[in-house]
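Please read the structure below before turning to the comments.
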Amino acid sequence: MSLAIELPGLSLKNPIMPASGCFGFGREYSQFYDLNKLGAIVMKAATMEPRFGNPTPRVAETAAGMLNAIGLQNPGVSSIIENEVPFLASFSTPIIANIAGSTLEEYVEVAKAFNEAGDVTALELNISCPNVKEGGIQFGTDPKMAAKVTERVKKASNLPVYVKLSPNVSDIGTMAKAVELAGADGLSMINTLTGMQMHLSAKRPLLANKTGGLSGPAIKPVAIRMIYEVKKQVNIPIIGMGGVVNAEDALEFLLAGASAVAVGTANFQNPYVCIEIIEQLPKTLAAYGFNSVNDAIGKGICS
Amino acid sequence: MMRKENMVILKKSPIAQDTIEMVLENKYISNTAVPGQFLHLQLKGHMLRRPISISQVDEHAETVTILFKVVGSGTKELASYPIGNSIDVLGPSGNGFPLEPKANSTILIIGGGIGVPPLYYLARKLKEQQVNIVSVLGFQTKESVFYEEKFAELGRTIIVTNDGSYGRKGFVTNVLDDVSSIDCYYSCGPLPMLQAITAQMAGKHGYISLEERMGCGVGACFACVIPTDDCGGYKKICKDGPVFPAQEVQLV
Amino acid sequence: MSLAIELPGLSLKNPIMPASGCFGFGREYSQFYDLNKLGAIVMKAATMEPRFGNPTPRVAETAAGMLNAIGLQNPGVSSIIENEVPFLASFSTPIIANIAGSTLEEYVEVAKAFNEAGDVTALELNISCPNVKEGGIQFGTDPKMAAKVTERVKKASNLPVYVKLSPNVSDIGTMAKAVELAGADGLSMINTLTGMQMHLSAKRPLLANKTGGLSGPAIKPVAIRMIYEVKKQVNIPIIGMGGVVNAEDALEFLLAGASAVAVGTANFQNPYVCIEIIEQLPKTLAAYGFNSVNDAIGKGICS
Amino acid sequence: MMRKENMVILKKSPIAQDTIEMVLENKYISNTAVPGQFLHLQLKGHMLRRPISISQVDEHAETVTILFKVVGSGTKELASYPIGNSIDVLGPSGNGFPLEPKANSTILIIGGGIGVPPLYYLARKLKEQQVNIVSVLGFQTKESVFYEEKFAELGRTIIVTNDGSYGRKGFVTNVLDDVSSIDCYYSCGPLPMLQAITAQMAGKHGYISLEERMGCGVGACFACVIPTDDCGGYKKICKDGPVFPAQEVQLV
């Protein structure tokens, strides 16, 4: 049973990777298992300067999901390159850098920095983080802005670029086609749905930031629908995510058109979830009649 | 080092209003936990684990005792588990209270409500080191008081209730002046209490244990940060804490 | 403790009503309790002609939610007026007719029919049903189209019009303001999020219609966020819905800015859910320091 | 009339591969249910109720027996419930099999797999009316066979397995020709089986019990409709069914 999968600029030994922001820079989960086992590692979002992020509380539990408003806390791209990438580079697992910014220029600068530093295998362009407000520019919901940032980042670096789409849009297909046309090598989807929880006693939103991003099994049906819809409209591969908890979920994403699968929130419940899925996947693929991961991709799409 | 372990419920008893004491069996955790560390419990039907402090450890019986107050759906679920149930736990988590007191020094322990449990394991460990312990424990009302005798066995113990229905009336801070000079203080309780204490004890050597809503509980998600200065410095409560030197963090 | 609430054209004895499509035309649930107890009754969507709807399977279970693709099955507006409205009119509870259409004209015709028939207290304009494809017109995602249908329906009838917004949009505020400007008396939100589930053995989407509408507790955070966002931008009242299961949930909606609360999917779990919430509500309001329903509306909104 | 009731699990026994027989106590339902009706069970952690047929009723003991196969998360949850647990149930739901046979008539019962259970309660009721019962029960394999003796007590019983590991080999439709003339047939099983049977028995008087994924289970949501003609006519399986005259519905 072959789990390997080739994506533009990424040779994955298996299709499973932790989702950005849910795995820090790998150190914590490396206490639990050998990071060599992962298909890839996606780092927490990097910005140009260090960011402290939002005030707490930053997370809330919801039915089969959670809200987060971390606010892109990170030590800044230079510190990440200096202090985090070398640790991850000690494993034989491709490193994907998730990059964020408040301005077009910031995206470009961060991309350049990773490009020059080496060791990073691919970029994931986080145009969809719902928790940043600066500039008011909506990279994630305006296809023109999304195309522009993709194009600029592509030009600024030699690394393959996966654009991470926001589900908070009327027409995900248009967004996907726009960034494909702008040169994206692949897509990552979905980021979180914007949500809110009220704190009844406090009579205000529970999160200090008021809104947060909804993740977890609650959003899986939205993720599957969007991947299915997009896969029919683009020719670049999709890294799928949103509510994956087990190998059946991962297969559901493959059938809907994803070529690889990221696991986010589920790491918090079960730190071993990624490797448990990797271990289960051959059995699960076989149980449903597939001979490889490649074999299953997009097989659930009917005309 | 923290591990993912199964812990079996050996005992379960109501100990105060809405408050339950639970004895959990696990060899690894009972043999490695230090005072101030917590367990991160997976509860059925819940997306996020729940952090609960370790309030006592019996290395020989290989048990860990926790005390928790039923305040929401997770603690309600936990309270419903029968004896014999196995719970998926990450632990022991975080860093506990530093324990380097000089012999014969006087240690002040200040606990508020459901912040009292981790201080009991601490007080027992301190007692082994021949120090003089004074405990001030604050509760809302008579029905919520617990562990008075247990603390009294270890040293002078003052109980305070908000409504005066038991012990002295008021807040723990009202009685701190009554306590003669101390070498170090350890405190755990609600944020307003910790704010009042750290203000009142400014300059004194002390440690406080903090709470925050957690995502991962292992240091990966940045949900539980607390600022350490005004320039973006921070610590993670789940990994660097929950215990911090009182001067090191900013209680906002 | 006053539960009563006055909305344009609707005097509700309490703010709780079943959501459209989750209560049929009331007959089934009238076996369980007296429909007089409800704040209002929202009928299943009506179209001009009878519709059979989509092939089965039409529903799927998801984490803390469900998908449905009923496809607006209904006997047509004349039959509803003849056979269903009289039954509901025998109760002292306001009747809200949910109207749908494939064309602008169909909306207008259905609205006219209800207007002329009497007994119906208000119209809920379902511009957001994700399960109809005819015409390809996106009333639910294009603010201009939404405004147009609102305007035309307002002209065609004297009944107050509540426009039911789709959550599948980039900018819910713009949609809300557009229909407010077009004369809507109130808003209803949210309808279902478009989702999909893969059937692993069948290697195709489980629902015959492929996509379906996601409802239930899973979507509550999205509903709360959208209501909060819209409430700050409009001056018309909002009937809130999406994942309400108990009185605390209902209060969460009130705090976020809803003036009344509809309960959908939860009826399937517990046929008594609406009246249980009505019974619990006074205690719940009191527990959080409110003296009436009115007192709680929008109280969770902070600047 | 359907009600929302609590049913307590009195017995629980594995009866075939992945198949469990469960005896539930409830006065109202045991005293009102007719053959072919179902229970709509609320299971913890599940949004939608699960429909399970009534396979036997003991009015005196006030019990209802169900048989179910563990096929997914809901049936797995149900199988995990211990004796003594109470289950929230809507029931008895739907319309059952019409029971107006002439005395001495011959009735053919055709069951497939987990479609067999409701036919057992039916067969017992028919037997009380002095009719001649022939049962053809199809299963996948030897390990999935159940209730052979129970049906055999009521009349001639032919067991068929797909792989021939028990009884005759093949499908139930392979043996229907062996059955001498009948007055009426009743069938429940997977859709392809019902399609084959209704085709083969075309012209014969018969009733079939259908399955469909349900939302409400009470007739309000239109999830479970089945077309009755090509002009938009339909019935709701949860309310008008699950039993229908074979000619009345279109099996697509």
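By letter and in written order, the chains are A, B, C and D; residue numbering begins at 1 in each of them.
Convention: a residue touches a chain if its C-beta (ideal position, glycine included) is under 8 Å from a C-beta of that chain, and two chains touch if they have at least 3 such contacts.
Per UniProt, the chains are A, C = Dihydroorotate dehydrogenase; B, D = Dihydroorotate dehydrogenase B (NAD(+)), electron transfer subunit.
Here the structure is a predicted model, which is why all the values come from computation and not from measurement.
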{"item": "Distance between the centres, which are taken as Cα means, of chain D and chain A (Dihydroorotate dehydrogenase), whole angstrom", "value": "47"}
{"item": "Length of the line joining the C-alpha centres of chain C (Dihydroorotate dehydrogenase) and chain D, rounded to whole Å", "value": "36"}
{"item": "Centre-of-Cα separation between chain D and chain B, whole angstrom", "value": "56"}
{"item": "Two or more partner chains touched - positions in chain C (Dihydroorotate dehydrogenase)", "value": "62, 64-65, 216-217"}
{"item": "Residues of chain B engaged with two or more neighbouring chains", "value": "none"}
{"item": "Chain-level touch network, classified as line, ring, star, complete or other", "value": "ring"}
{"item": "Contact pairs between chains, per stated definition", "value": "A-B, A-C, B-D, C-D"}
{"item": "Residues on chain D engaged by chain B in the complex (per definition of touch)", "value": "44-45"}
{"item": "Residue numbers on chain A (Dihydroorotate dehydrogenase) that touch chain C (Dihydroorotate dehydrogenase), as the complex places them", "value": "62-65, 67, 138, 141, 168-171, 193-201, 203-205, 210-212, 214, 216-222, 224-225, 228, 243, 248, 251-252, 255-256, 288, 299-300, 302"}
{"item": "Residues of chain B defined as touching chain A (Dihydroorotate dehydrogenase) within the complex", "value": "1-2, 4, 42, 46-49, 74, 90, 212-227, 232, 234, 239, 252"}
{"item": "Interface residues, chain A (Dihydroorotate dehydrogenase) side, partner chain B - complex", "value": "21-24, 27-29, 31-32, 44, 50-53, 55-62, 64-66, 68, 70, 73, 216-217, 265, 267-272"}
